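Mind having a look at this structure? Questions to follow.
Labels run A, B and C following the written order; every chain starts at residue 1.
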Amino acid sequence: MAAAAATLARRITRSGVLPLCRRLPVWGRAARRPPGLPLAPCRAFSNKKIQVDMNESSGVATMKFKSPPVNSLNLDFLTEFCISLEKLENDRACRGIIITSAIPKIFSSGLDITEMCGKSTEHYTEFWRAVQEMWLRLYSSNMVTLAVVNGSSPAGGCLIALSCDYRIMADNPKYTIGLNEAQLGIVAPFWFKDTFVNVVGQRVAERSLQLGSLYPAPEALKFGIVDELVPEEKLQEKATAVMAQWLALPDHARQITKSMMRKAVLDLLVAHREEDIKNFTSFVSKESIQKSLRMYMEMLKKKKS
Amino acid sequence: MAAAAATLARRITRSGVLPLCRRLPVWGRAARRPPGLPLAPCRAFSNKKIQVDMNESSGVATMKFKSPPVNSLNLDFLTEFCISLEKLENDRACRGIIITSAIPKIFSSGLDITEMCGKSTEHYTEFWRAVQEMWLRLYSSNMVTLAVVNGSSPAGGCLIALSCDYRIMADNPKYTIGLNEAQLGIVAPFWFKDTFVNVVGQRVAERSLQLGSLYPAPEALKFGIVDELVPEEKLQEKATAVMAQWLALPDHARQITKSMMRKAVLDLLVAHREEDIKNFTSFVSKESIQKSLRMYMEMLKKKKS
Amino acid sequence: MAAAAATLARRITRSGVLPLCRRLPVWGRAARRPPGLPLAPCRAFSNKKIQVDMNESSGVATMKFKSPPVNSLNLDFLTEFCISLEKLENDRACRGIIITSAIPKIFSSGLDITEMCGKSTEHYTEFWRAVQEMWLRLYSSNMVTLAVVNGSSPAGGCLIALSCDYRIMADNPKYTIGLNEAQLGIVAPFWFKDTFVNVVGQRVAERSLQLGSLYPAPEALKFGIVDELVPEEKLQEKATAVMAQWLALPDHARQITKSMMRKAVLDLLVAHREEDIKNFTSFVSKESIQKSLRMYMEMLKKKKS
């Protein structure tokens, strides 16, 4: 299994576009697992950065981010995330996943800035392909995907939540969520933007992205970034109830419907994936951007100490 | 006139795409009735399943669905609906239509499932073409179209309401409305989805379609599926007032504006009409779908008895 | 400088499409002033119809419409507006503009109807190109653009506000705002519509454009046409605070983000600019439209006297 995972990781991060589209259901055809791929024997498995627990009676897996200090999305995390998603996607017994964090007060801090600072073009390429792959898998998943945002969730962390089918957030105004890239002097790529627009509409997205707004939970609810606020101690219970509601629907009708709603936005990245990687690497390689990112990291360090 | 109606019915349901697009107004050109079509002498006329009353002083026709038990949209109903719409569209005296139900507690139960069960491919083709035709005519109508939703309105019934310019609904939480296809194991086609998105936006549509949500009237208002709730006994009065407000505008400016807003979505079905029919017939012919539909019908029968 | 302005005016209104797109930033490239254009020495300058005051310490310019009686957008006003925008855009010291009115109770009454009545095709062409140019410059501006709507703002006046990044309006229900073209028997062109949809969404736009709705300030807030209501005497103070919030972001990230959000809609007019001019001139030349406009002007005259 380790070898298979390594092969997948290589496929994701080195050899180009994964044949992911094969799995996207089309109208009139119920989604089906591609016969060519082996079914990984997936029951409970634990890895370094994400803990996956499969509840066989309900068909629901829980993925818990546990990468201290802040669940930042570095290359290792993203690779493990993609592998876990693929395993669950290929497991016929798994119909839904709950994504949450094992780290108090933080869901995920987003893309790891150290992966974008002072590295080679090859590294930026590998990293960005993994970010794309994560989103393509999550946004197109045939499973019901439920984000349980039990802490702050800026930038890439927010993207993970936005890519799910439903978002519940801890009712704590100290936790914030949003695509705040502009505050770092960088720009959310077009598919972050498209995912955001699909959730909150063009106007809220335009304003929020330009200002790099991070919203406290109550405002996040008001602007539609999350669907519900729940007291922190009730999150688990609520997640179970929401998931049951979604799983009450016949899978194939729900899957085709989901694909119909998301296909246009997914197709756009699939069609422009290599171009998007080139844009990212050349943008992030600029000295002005490197300077912005170094300043931001220093600011974070000072805050901590 | 019976012969003309029969000819139209044949044109709609057998011989392919009606030259409907000729009637779609384009920017810079006021909508005009095609000179080739004869003006049917349309005053009050009553048929089997829809009662049409024309108020000549106001220029407003009322269409009342009266097909017991639940105004379900079978082939006969759809054909009669299209003929009535065409007659009114071609009547220069008619500027607006009010669509409502003569059956207590139900606006329309949507597409008749018996038309999709155990029939031939030819029948499915004929049926689906009539569904498309109904929507194309209603969504592109040059008349002001007002839905007075005086009862429950699932699936295709909801589509009729969504295709109008304005929706008022009886303020009764027992009445529900929504595109609940997914609950039946089937999928709302892309142009149902597009019509829905144009009314409630991408996010509400994505969630509602995946869950097959039926909303009680107060929630339907909250999510923007209808524009106003009105006590049932005031529906007629309110409808008259709303219609007067819309008819206060010069027809040609309103018509061109409406066309500009709806053209993209209409064009998409016109361009993919035959493909959409093929998708429907092959989808509905699947044994798994037939089974879902039979189970649903049996459930309905049990509910009734 | 007068000669340069005259040259620009000629470029705008006579010789075709300005090479405006050069200025649109693209993903991965920070917006930069085109090296070929000379930097106009822009400090405080006042002209006939718009007063421009530049605050050098904050980098914010205020543009005050002062064209009595109602700041209507005639050819002279539009030309001056475009020249002012270009100057500020080319001034490295200017990062944001506040657009407001020096005339009590009116922001701008919109396009000057006398420019559309009883004139030659050449005149209509020149006028329409200037309207397009104004929108293209304002909607694509690299500067932070803030509309301070301190009076009524119908039609073209509303378009100016909608094209800014943020809108605050005086909290006075006597002031109205909206795209009310349909009430005059004319039609808002597709790019007015696209700008509107980007702010309020498809449904509110469809209804409002068909009815030609003018909304009192509180309703304008409710439907999202403006972002905030502020007591009239606090407008200046609030404008300063809002601008400071937007200028806190790094310019290049904000500019690229803005361009990404607005590019599709801008590109559409750039691609169909000449066609749009032809549509306008042939539409407005129709005798029926001329009659509508004359009637509307007479109604306005009667109201005044």
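We adopt the following convention: a residue touches a chain if its C-beta (ideal position, glycine included) is under 8 Å from a C-beta of that chain, and two chains touch if they have at least 3 such contacts.
Everything numeric here is computed off the predicted structure, so don't read it as measured data.
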TODO: State the superposition rotation angle between the two copies chain B and chain C, fitting on C-alpha atoms only and giving a multiple of 5 degrees from 0 to 180.
DONE: 120
- [ ] Answer with same or different: of all residue numbers used at the interface between chain A and chain C, are over half used by both copies?
- [x] different
- [ ] Provide the C-alpha centroid distance between chain A and chain C, rounded to the nearest whole angstrom.
- [x] 39
Open item on the list: Quick check: what residues of chain A touch more than one other chain, meaning two or more?
Closed with: 201
- [ ] Mind listing the chain C positions that touch chain A in their complex?
- [x] 27-28, 30, 165-166, 197-201, 224, 227, 245-246, 249-250, 252-254, 256-258, 260-262
TODO: Enumerate the contact residues on chain C facing chain B in the complex.
DONE: 181-190, 193, 201-203, 205-207, 209-212, 279-280, 282-283, 288, 292
